[in-house]
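Per-chain residue numbering starts at 1, and chain names A, B, C, D and E are given in the order in which the chains are listed.
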Amino acid sequence: MEKYFDINYLWTALPQLVPFLWITLFVAALSVIFGTLLGLIIAVFKLSKNRFLQLLANSYITIMRCTPSIVLLFLVYYGIPAFADSFFGIYLQDVHTGVFVVITFSLQFAAMMAEVIRSAYLAIDKGQYEAAVSVGLTPFQAYRRIIFPQAVVVALPNFGNGLISVLQEGALAYTIGFIDIVGKANLIIANNYNTHALEIYIALAVFYWVLSVVIAKIFELLEKAFSKGQRSLKTS
Amino acid sequence: MLEIQNVHKSFGKNEILKGVDLSVDKGDVVVILGPSGSGKTTLLRCINFLERADQGTATLGDLKVDLHSASKKEVLAVRQRSAFVFQNYNLFNNKTAIENVAEGLIIGRKIPKEEAYKIAREALDKVGLSEKYDSYPSQLSGGQQQRVGIARAVALNPDVILFDEPTSALDPELVGEVLEVMKEIAREGTTMIVVTHEMQFAKDVAKKVIFMDGGNIVEEGTPHEIFVTPKEERTRRFLRRVLPGEYDFEI
Amino acid sequence: MLEIQNVHKSFGKNEILKGVDLSVDKGDVVVILGPSGSGKTTLLRCINFLERADQGTATLGDLKVDLHSASKKEVLAVRQRSAFVFQNYNLFNNKTAIENVAEGLIIGRKIPKEEAYKIAREALDKVGLSEKYDSYPSQLSGGQQQRVGIARAVALNPDVILFDEPTSALDPELVGEVLEVMKEIAREGTTMIVVTHEMQFAKDVAKKVIFMDGGNIVEEGTPHEIFVTPKEERTRRFLRRVLPGEYDFEI
Amino acid sequence: GNGESEKSSGTKTTEDGQEVRVVKVAYDQAGKPMTFIDENGNATGYDVEVMKLVDELLPEYEFEFVGTTNDDLLIGVEQGKYHAGVKNAFWTEERTQKFIFPQEFLGLSSAGLVLKKENENIKDLSDFATAGMTLAPIAANNAQYTVIAEYNDANPDNPVKLQAGEEFTVDVVQWVNEGRVDGGVIIEGAFKGQVLTEGGPYYNLKDEVVYNEFAVIKTWPLFNKNEQEFADAYDKALAELKETDKLRELSVEFYGRDLFEVLDKVER
Amino acid sequence: MNSSFINMEFLIDTFFVALSGVPIALLVTVVALAIALPIGFFLALTRINEIPILNGFTKVYVSFVRGTPIIIQIFVLYSILPLVLASIFERYNIDFPIYEVNTLWYAFIIFSFNTAAILVEVFRSALKTVNAGQLEAAYSVGLTTAQAYRRIIIPQMLVSAMPNLCTATINLIKATSLGYAISLQEITLKAKVAANVGYNYLEAYIDIFIVYLILCITVEYLFKVFEKRLSRYKAVATA
């Protein structure tokens, strides 16, 4: 198999891929920001007492959960411009591919975050809120100063996982011609007449692996930093 | 000082409070007794608007509010004049002991930070926690946590403090320290309503003991009246179950 | 019946048990007292191999085992001749009351299913739960759960039952029903080792009371010896803290 | 497609006052040597270079080349996001319903089988099918897939085992040499680039594998349904180009061979 | 509204084409789960009990699978596996026609490999939710470790694992859509092949979308029913 596996392809690919790493990270960062905001809204809907809003939130989460990313990506990428054009006569075909990528992964991340936010909120004992209002804080102050800081700690690990998964889903963006790190890898492969893809993909895997380990580590540290005063979960 | 009238509260179809009246004079300690499920907790929670009553009024000094339809402003006003000590402490997990005590002063009462911390330190000293200012709740024993809870209430200098079984989540050995602190505070003339099963405390401290059952006040009177010469059969039955057989009550 | 010798156990650098000896005769009830952290739970757990002791032996009837190096078979043998009642019940959450009791009989003892269920029903009847055969633990009150726990132990008809603070997780009102069941079982001649803070129970039922502190047995004797005429200052100090001031102990 | 998209394509005015329409021409950025991005990040390849020549001949148009994937190119041209697209596309009846195929084809493409040296005697698809050989999967959106599928339709009693797959997972030359499959479909230019060029990735296999051409096929640019005018302009320009040797030169440059020499034998 | 934009006839025809890929997608899902469940559980135990070498191995394995996109895993395994096996077979003169193996086998291996790692984490967190007292109680009535796990721990663990298992299954079904990259005759590939003839991609993707939606919602529903049955014992405590 030495005939086929030529490690030189891997070494030469690494430096070519590096500059595109930031595009991947940029897309992930934007998706995380928009996705979190949208997720917050959906979580509020789901927690509300209004049946209709609950239904809305549940349907949204189910649909997102059940749609393969690649399918969602295509539906957004082709569906939104077509829809905007047919119904509103708005021309969106000049919009950069990256925008659709960000929309897709924001939509998906929002569904994940809605559940993360909701469960973090529910994980905080109701007594914390009651104690806060009983010493004369307004409900808003109670959320901001007591509930929110504690919920953040609960949400952090899942948030980290969500972040890693958005990065990974981003690997599909090249299928609509988006040149991030995976797109670049595909271009390198194409320039080798579609040969030696394995080496290039291993290089990619290395990037992703290191990235995810680093992210997991960062979140572990964040969690530690934020959870001062929290009981460690070790049950004696 | 505090007067509650005709409090009704249902959860779904269950009527938990069936028109409860209660009055406490300034500086008095009232102890509420009663079997599990009789509505003691619910009554305290209604007073502090942790639950909305279906009906009823409360008069706290010159402030008169409807327990059902009070406005946000009125709710806040009642809460700022009262304080609550929870059975399971409910200290703010993300704040140190002193931050727990200062929080309500700084944010709720808008007292300058420095002054608030001074008050908080005094309150913690009073409950014997001078060493623990900067400990997080998770670093304190149950008894210490509950003492922070009491300091948090006391620091607010409220018109009335509501205690909901403040010692029942504690190990038997730790009960004593918390009761001691409560007695001390009572002696200083703080108005208190206390739900508890600690008969000795009721005997030593209470001005009035109230026995509740099934959402009603069955009987009220001095500790002696309730413990030694209860009029109602239900009261007697309850006391027999709770007090050890050989318990020899003397006043 | 049961004889324990020279039990040592450390967690990390902390030596929790420092050579404990203990013997119980058939049909006797031994009560173990002691402050929190003195090693009472650890001792019981070592006897049942829920912890491996660092050193020590146990003789259970004709079975003699090394508490440190017993083989899997010996461990199983000890467990099949003893039973444990846990502070927080530890009922099998996924099994009904009767299944909880029958489980050890059917799987552990290989008793035919039908017979096992018969034994289980009798045990549950004995603790007053004839109505609750098919209830899951989540559908039972704390006192009922602990009674199932006791039935589970009794059904095994073990040489000795180990109780670790069986009432301390219960609401005050529910303590009585469990103590009552335990007294009943003691009266039937079951050998029991009981860690508890219930002095009244110790007084009424125990043949021998053991006071532990810091991993050692400080004093042992009849209830009268320990409660009324304790020899050791440490025992006296402990009793003073645990017994209410006016507690007037008479034997 | 739809009417409104036309308005949105930009126009510019040159210094001599002429209106110039900017059109987007998409190309498959992973289609070396037909369409690809060179080391400097510029669009090139046979199809792209021809379109650049067309652009030169059409002063009223300015081409903007947009690199993308196969799938996006097809849908994008159909929807009007791109005005035209080049991807070494073959002609099929169904595709004429979605796109305008102009009168003039863009170039020629030699498709063939990669085989092990020992199977040199397999000259075309029917030999291949008769020998019961296995074929490497072809991406479902690749025209090669359609060619084989059409052969199978025409020869129902002697079909080739056809499997759809994904471009990047199948390294055709390697698979054939390994023995993972008996043969694979490849474009001549790609084969030359991989195997026959010194320094090519599989130059070391030049004596192990062979390329047996089974067809030379015309390839077409695809135009959006509303771009008839643009397509007509293209036709005019391409007819002009075919008068010259320029296309032949490009064919030699990218495919290593002047395919126009066999034009009279081309069936489709 | 532009009616020519979506070709209804194609949309409907292709729906059934896409639907015909469901059995393969489900087959891969079921086989992958069947292989991954015991492996995942076993590895979770090695993690929880901190068994020296296996624990480290599992950590790396899980971190690789969770750290890299599945499409890359699919590709790397699909390329490497036959090469490695072929050279092993060659060395030991085993005459096995490795290249005639159906892609389905690759799919089984790849998705089992991936799913097992996911399940390690699912089971690990589920095992942690079972109170240690349950095991002790089982010991105290004379059950062996194996008996205790089979009768007490696993039934309880499964209940808290159910929601995550459901998610893992749905993600697995969705991930089989990437099987198109290795010529797996599943939903996405079938629809895309159909789309290629006339370039009806948007219609094809709408069909794929609908098929997955139906499939996953059904699975979600089945899990809910099953979970309810499993957690009978958690019946709301009536105080």
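Heads up, the rule we're going with is that a contact is a pair of C-beta atoms (placed from the backbone, for glycine too) under 8 Å apart; a residue touches a chain by one contact, two chains touch by 3 or more.
As the structure is a computational prediction, the values presented were derived from the model and not from experiment.
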| item | value |
| --- | --- |
| Co-neighbours of chain C and chain A - touch as defined | B, E |
| Set of chains adjacent to chain A and to chain D | E |
| Separation of mean Cα positions, chain E and chain D [Å, integer] | 38 |
| Rounded Å distance, chain C centre to chain D centre (Cα mean) | 84 |
| Between chain A and chain E, centroid-to-centroid distance (C-alpha), Å | 21 |
| Distance from the mean Cα position of chain C to that of chain B, given in whole angstrom | 37 |
| Multi-chain contact residues (two or more partners), chain A | 4, 74, 78, 82, 85-86, 197-198 |
| For chain C, residues that touch 2 or more chains besides their own | none |
| Sites on chain E at which at least two other chains make contact | 2, 5, 75, 79, 83, 86, 131, 201-202 |
| Chains that touch, pairwise | A-B, A-D, A-E, B-C, C-E, D-E |
| Chain A partner contacts - residues on chain B that touch it in the complex | 48-50, 72, 76, 79-80, 82-84, 86, 88, 90-96, 103-104, 107-109, 136-138, 152-153, 156 |
| Touching residues (chain side chain B, partner chain C) in the complex | 35-36, 168, 171-173, 176, 197, 200, 241-242, 244-246, 248, 250 |
| Touching residues on chain A, where the partner in the complex is chain D | 3-4, 74, 77-78, 81-82, 85-86, 89, 91, 93-94, 97, 174-177, 186-187, 189-198 |
| For the chain A and chain B complex, residues of the former touching the latter | 125, 127-128, 130-138, 141, 145-146, 149-150, 153, 228-232 |
| Residues of chain A that touch chain E when the two form their complex | 1, 4-5, 62-63, 65-72, 74-75, 78-79, 82, 85-87, 164, 168-169, 171-172, 182, 197-198, 201-202, 204-205, 208-209, 211-213, 216, 235 |
